[in-house]
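The data blocks that follow each hold one structure.
What follows is a pair of complexes built around chain A, which joins chain B in one and chain C in the other.
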Partner chain A sequence: MKIATLKALARSVVLESLRRKDLWVVAILGFLIILAAGTLGFFGFDGLQVFAKDLAVTVVGLFSTIIAVLTSFRLIPDEIRNRTLYPLLSRPISRIELLVGKLIGSIVVTWMSFIILCGLTAIALEIFQVQFTVIMLQYVLMKMLGLAVVCSISMAMSIYLTPNAAATLAFIIAFGAPMITRALTMSAPTVDVGTRTLYSVLNGVLPQTQLFDLGGRAVYPNWSPVPIWILGFLLAYAVVYSSAMLGLGWLKFRKQAI
Partner chain B sequence: MQPAISVENLSVQYRTKRGEVFDAVKDLSFSVQPGEVVGFLGPNGAGKSSTLKALMGFVEPKAGKAQIFGLQAGTPESRASIGYLPEVAMYYPFLTPVETLQMYGELQGLKGKDLRVQIDELLQVLGIAQAAKKLNRSLSKGMLQRVGIAQSLLGSPKLLVLDEVTSGLDPVGRKELRHLLRDRQERGATLFFSSHELAEVDMLCDRIILINKGRFVEERNVGVLKDELRMFTLEYLGITSLVGLTDEWSEIGPNRFFAKFQSKAAMLEAIGRIQLAGGRIVDIASAEGSLEDYFVNTVEVAA
Partner chain C sequence: MKPAVVIPICICAAALGSHATRFSNVVNPPVRAAGLEAQETHAAASLLGQFRTSISSFLFLRSDLYLHGGVEMRPLTKKEVDSGKKGVGAAADENEKLADDDSIVTVIPGARDDFRGIFGDVERSVASYKDMTGHHHQSPTQTLPLFRLMTWLDPKFIEGWTTGGYVILFDQKPGCIEKALAYLQQGLESNPDSIDILGQVAYCYLKEMEPIGYKGHQYDKALPYLEHARKIGVGNLKLLTEGEKEALEENYRRLAVCYRELHRYQDMRDCSLEGLQLFGQDGSLRQHAKEAEQLLRTQTTRQ
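So, the complex of A and B:
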């Protein structure tokens, strides 16, 4: 896999996405919501800080996930529909390189949007004199890994389904997986062995996106930073899960007639 | 020497949304030698684009094999020597022509100064230097086609596979393109292109390959074919039997006749007979035969 190839593919995704300007709309909207809600002084000073952080984490989480799905679910279908895939695949590149390059591009766009959102949020939180802690930085880093996983799921789905169905399923997985996996875990002791095995398989297949969400720890004070080895484990999990999604997409795309 | 393109018993199948299978290409065989300019002709739905897609690896052949300079067609290695222009392609609407060419150049393995020089040269030659920094979405169809041609020429490929290359170009653009393609051929490139524009085929090709309904019909040397299609006409006074020389003979006035010949030799023999019989030649003309008529007749026969 050539680095120059991946770089060229990813750069085109980033340039296109930035010039479309739709990502900026989402970012600005997120900022406005945080700012508008933050101006409501319903609470005392201490409560307001927690409220502002909670709102910021929720809005940033929501919008960055939407951005992750939106940047990745149409990459490959658009390439096929617009026939931009022909001149691309006429080059000496393999289809897996194409997928990896596109995925990297969509992850970079998502991360850029997320960092802009975080930057704007930081400015908004500054108004409430919120202290920035190590765990907030860990929240940002882990969220970035979670977003990469969402991008890979969205792109893999788009190879098997229509773009709209892929986006819908990606949203359901991104927002619903934590609830589903929690429900599976909680109900596992009450079911028979066969069903429990099925639950375990489902738990393994579904992404554990809640692991990447340190929002709760970042919002409430007195949480100590997460140990490095856990962050390392999450990084490994993100890489493995994203690679699996990439592999799943490639299984169909490698022989797909275009 | 390895053929630039070698296709043996190639079959390409598609499945419709209703699950029906149809053969876009069936048992097709042909080859193209290095340095040749070959036109790939056929009516709509003949299987031209499907064949080109199989050569590029966009579809997997159902049977048979295709090779590019001895390498299995469709692999990244085989594509390294190909410049491909798709029949209808869009280029990223939010990139400029320069960015588009830079991306394709980098995918081709070009970089640095070499890539910049090639991009500048192609932008100049193809007349898109003025639009180099505009977004692709603001370019006309013709300008986009030029961007497409430029990307296919990046890296000076040994083989150019062009699908409907003149589509969207105005007459000036077509003429410039012919010069450009001839220049590439003189530098050793092989050209293989499909086209509906028989005039372009006439002006550019050494050889044509004709297919219909996915099957090979015939291949012809363009020079020989044009000689065969050339028509010789004669207008003369005085009745003379031209039996055995032509079937196309008519009286166009009192004692005035018109005859059409397939070969120069037949016409010269007719002139001899007319003069021997005391007739007088009024007019002699030679006209190029129509590739279009040849195309239509051959396709009809093959259908």
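So, the complex of A and C:
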């Protein structure tokens, strides 16, 4: 796998996103966040810091996940539909390189959007005189890893399904997996051993996107930063899960008649 | 459509619209929204990511989360109760009725109850989780802006007013009584017939707060609110929710005490007996009724 090829492919995704003015949408969303923060200031800032952080984490988490899915679900189908895949594959680029390059590109675009959102949200939080802590930095880094996982899921789905179905399923997985995991943990102590084994398998297959959300610790006071080994584990998990999703996509894409 | 049809329709619509406020009590009655207690709905709310039909309800649930320092709690399921599982228990610092924690547990289970192995360990490390047995509450005053926000968004949200009133009193700081009364008066302006708010105002006048030198026991000031709540309760008994009935029962007890302290023994007896007719199981009201009889007899003997 050639680094230069991957870089060129990722760059094309970023340029395409800039051309489509996707980041403008992000900027508008961020502006709305600041506007909402200003409106909340009507009630006085004293004591609203926790609420402001809570709102910020919720909104940034929601928007960035949406952006991750919308950026990555259409990359391969668009290439096929616009027939731009043929000139790409006529060059010395393998199909796995194409997938990896596109995935890296979508991750970069998602991260750019996320950082813009974070920057605008930080301005909003500054209005509320919120103090920035180490956990907030950890939150940003881990959320970026989580978004990479979402991108890989969305891209893998887009190879197996129609674009709309892929986007829908990716949204269901991104937002629904934490709920399913929560339901499983709630009911596990009251089920028999066989069902619990099934739960373990299901839990292993589902993406653990909630693990990348340090929002709770970042929002509420008196929580200590997350230990380094946990961050290392999450990095390894993100790499393994994203690779698995990429592999799943490649299984179909390598033999797909175009 | 002909103007002959359109114009009368417009006139009718305008006439109805000008009287729309008259229907507000029917459409949005000043009673508790049943089932909004965080303890009752928290599990479902947690599962659904706290998506609620109204922002006020959402904020109310968030205030419960703030009280627990971000640790998400849920009530025990029926199955868990049947299997003998116990909740985290009441908070060690519980001195106001802000949350009922006897039958709730953390949403993220402890290591012993978690089948997920390392994933569970990691989640307990990254999420705002801690063992909540004998836990302490965060100062609820930080949730006060939320109560202001939720009651501004929905002035008919009774829980927002009453719980907000408790929150203002919680830290027992100088001026808290005046602030709580001002807050509750705002609530009464939007909900003049709310038994809960009326009872809460009376509570402010009656409660003694040693740390700030507030003696309370202002029976004469509390009385009009309790009498008004009694009148509303008797007139609308069938419409009251279980929660409002509880508030009414509590009001009857307070009312009996007020009458006793103001030496209105006949009223004390009448109110206690009326309360007993509605809430036959109430031991305090029975006691107040007996006490009123005795006081009346003593008064007659003296005369």
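Worth a mention:
The rule is short, and it goes like this: the second predicted complex is superposed on the first by the 243 of 258 C-alpha atoms of A that agree within 3 Å, B and C clash if a C-alpha of one lies under 4 Å from a C-alpha of the other, contacts with A are read in each partner's own complex, and residues count from 1 in each chain.
By our rule, contacts are C-beta pairs under 8 Å (C-beta built on N, C-alpha and C of every residue); 3 or more make two chains touch, one makes a residue touch a chain.
Nothing here was measured: the structure is a model prediction, and the numbers come from that model.
In the overlay built on the shared chain, the residue A:Pro227 is in contact with chain C alone; chain B does not reach it. When the shared chain is aligned, chain C comes close enough to touch A:Ala188, but chain B does not. Contacts of A:Leu9 after superposition on the shared chain: chain B is touched, whereas chain C is not. For chain A, the partner that touches more of its residues is C, with chain B and chain C as the two candidates.
Of the two partner chains, chain B is the only one that A:Pro92 touches; chain C does not reach it. By the document's definition of touching, of the two partners only chain B reaches A:Lys255; chain C does not. Of the two partner chains, chain B is the only one touched by A:Asn82; chain C is not. Taken in their complex, chain C has these residues touching chain A: 43, 46-49, 62, 66, 69-70, 72, 74, 77, 79-80, 83, 85, 107-109, 113-116, 118-120, 122-123, 125-129, 138, 141-142, 144-146, 148-149, 152. Taken in their complex, chain A has these residues touching chain B: 2, 4-5, 7-9, 11-12, 15-16, 19-20, 82-84, 86-94, 255, 257-258. Those residues of chain A whose C-beta lies close enough to touch chain C in the complex are 40, 43-44, 46-48, 50-51, 54, 142, 175, 179, 181-186, 188-190, 196, 199-200, 203, 208, 210-214, 216-217, 219-223, 226-227, 230, 233-234.
Across the complex, chain A is touched by residues 14, 53, 56-60, 76-77, 79-80, 82-86, 88-95, 99, 102-104, 106-109, 111, 135, 148, 151-152, 161 of chain B.
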